[in-house]
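Read from first to last, the chains carry the letters A, B and C; within each, the first residue is number 1.
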Amino acid sequence: MKNGKRIDNRLPNELRPIKFEVGALERADGSCYVEHGGNKIMAAVYGPRAVHPRHLQQANRAIIRYRYNMASFSVEERRRPGPDRRSIEISKVSREAIDPVIIKEFYPRSTIDIFVEILQADAGTRSAGINAASVALADAGVPMRGLISSCAVGKVDDTVVLDLVKEEDNYGQADMPVAMDVRTGEVTLLQMDGHLTLDEFEQALELGKIGCASIAKMQREALIQKYRGEEDE
Amino acid sequence: MKKQEKVDKTIVVPGDLLSEDAAKAAEGTYVENGKVYSLIYGLADEREKVRVIPLSGKYLPATGDVVVGMVSDISFSNWKVDINSPYEALMHISEYPRRIESSEMAKIMGVGDLAIFKVVDVDPSMKIELAPREGQLRVLRSGRVVEVSYTKVPRVIGRAGSMISLLKSKLDVNIFVGKNGRIWINGKVEDEDLAVKVIKRIEQEAHTSGLTDRITKLLEEEKHGVHEKR
Amino acid sequence: MNDVIAEIKRDYIYELAKRSERADGRALDEYRPIQVEVGLIGKAEGSARVKIGNTQVLVGVKVQPGEPFPDAPDTGVIITNVELVPLASPSFEPGPPDENAIELARVVDRGVRESGAIDLSQLTLPDGKVWLIFIDVHVLDHDGNLMDAAALGALAALVNAKKPCERYGYGPDAPLPIKESPVAVTAVDLDGEIMLDPSLDEETIASSKLTVISGLQGALAGMQKSGTGTLSVEEIARIVKLASSKAMQIRDDLFGGSTDG
């Protein structure tokens, strides 16, 4: 960090440029493509639909499945396709981030499948994936109490900053992805990797709330725009 | 589409605040701390009650619904029917108007056959039971089925059936609109083509005002050009 | 349940085929609109997104130095993979590539390899290493004819690609040595009628599918028949002729007659 500006010239509380495209896919029930800084991510939702294998189904509610997957070409060094331990963990915490707002009881014995494909990665993929997934769920007509918004906060050069970029993620002092239902302020995802004092943590959480609030606005705008776009065709 | 078509309802997303009066909450909403919020991505209808009309989503059957279903499998005593819902529906062999043996089932309705059914029961675990719509089982042996989002079916029917009457009078085809978004059309191929085109247009513009007029106009224009195609 | 097609839909498509017509109004040898966009994945050394109608695939080409195969020390390596990710279709399940994904990958690979599209002998590096070329096809939306979309995406991504020489200290970046331009054209046989670029329904109903990959001069670089139906020798000859000329047309439309991307 130099003169209060970061490696990509952003201020500590500034998000990278973000763009949402709702309904980018035909086959999926709901979909959303997001570009967040250098991240390019496609999220799609199938469901509610029948669960196979049947023994996974729950008698009185839908199950939620979330699969975060990185394309081989999404990173600097070509990655072998398929889930690795990191993808599996991210899938789990991401699912747990969105599950709380979905009204699963409306759809017993079914599954709502969320797929997030990372086409290009540039730090903060799990958060961007969750943002896209929330919009895709809304696009699919899944009933939810609210949209979940996510961003990552971190610490670079002893300063708490919002939305780490790759270099900041690699050389920074802390990385803290967070997700929340912005309307209620309820936190649904919280992970921290690195070193933060209690004070820094509180700052980071506050910054995270502000970041998520901005993103929630964008998610909402994108959904409303899709409709407007259909009208103006 | 021209820009003067406007939506007469507000677009909302899950979590949007709709009203501070909990008593007004209706479909597509939920109440929290006395306030009404949207549960879905849809159009908010804020007249007497506050409800949100879905723009997308899966069809959930209710008793009494009449649907177009496709047989996906046959077991010893049930036809398994795909009704374009997360849930498979069953028509029990005993629902067939006359007594038949299990071995006759496939001949009456085989895998891949479509028919018009009535939903006679939906239990809490979403087990769905079907029966023929009324008396005879109507298996659809010709024509085509168009699928639209079930959320657009009310628009295809229109207020007091205005849209569907218009279609039936101007299009030279038999039309049956299933509550599950499956619409059966039967006639000459060119006429079916036009019907499909018109229905798809209704689906796309369902949320706009003045649609009935535009569709009337489209039908007039197409009627003159229709026999030149194909 | 997704794989059952309504009988009346089947009948309708066959009826149309008898009259040499198709459900979406296309001519028998007409392709849906093809869109190719290159360079969208900056992290990949080459990339392309291909849309044929609603079918959409994203291909990333990664080029990295690595060890050659022991029996071919002076030859570059091509590795092709296709991911039929579940978001692309309700019938795709998560997991390792199934027989469909593997078939797609191997046919695309054959087309690139057998046509000599890349001169593998020009991929050697000073330190005994060679360039490894990874062609990764990520299917995003399946609405029929993944084969042609994947093959086209692979070609476009390869043409778009640059060897990252600078990053590894091998001098300035340079394009891959592309010598040929293989284009795949897929046909289905519906009760004797041959149709190119099958839609999802046509593909599901047809008993046989034949993909023909041809190069710049019309020479054949690959073929693959799939499906449980049969094709007569005469039908095959017809398809090959149709496919070769269609491939030229597609190549001209997209690459303007050259492979300069």
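In this text, contacts are C-beta pairs under 8 Å (C-beta built on N, C-alpha and C of every residue); 3 or more make two chains touch, one makes a residue touch a chain.
This is a predicted model, so every value here is computed, not measured.
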Per Cα centroids, the chain farthest from chain C: B
B-C against A-B, pair bridged by the larger set of C-beta contacts: A-B
Chain centre separation (chain A, chain B; CA means) in Å: 33
Where chain B and chain C are represented by their mean Cα positions, the distance between them in whole Å: 38
Shared interface positions of chain B, touching two or more other chains: 88
Junction residues of chain A, two or more chains touched: 49-50
Sites on chain C at which at least two other chains make contact: 1
Touching residues on chain C, where the partner in the complex is chain B: 1, 4-12, 15-16, 21
For the chain A and chain B complex, residues of the former touching the latter: 29-30, 47-50, 59-60, 101, 103, 106-110, 138-147, 181, 183, 219-220, 223-224, 227-228, 230-233
Contact set on chain B toward chain C in their complex: 70, 72, 82, 88, 110-114, 140-145, 189, 230
Residues of chain C touching chain A in the complex: 1, 40-44, 47, 54, 56, 58, 60-62, 64, 81, 83, 85-90, 94, 96-97, 134, 136, 138, 140-143
Partner chain A, residues of chain B touching it in the complex: 1, 3, 5-7, 11, 13-17, 28, 30, 32, 37, 39-42, 54-58, 60, 86-88, 124-126, 151, 204, 207-208
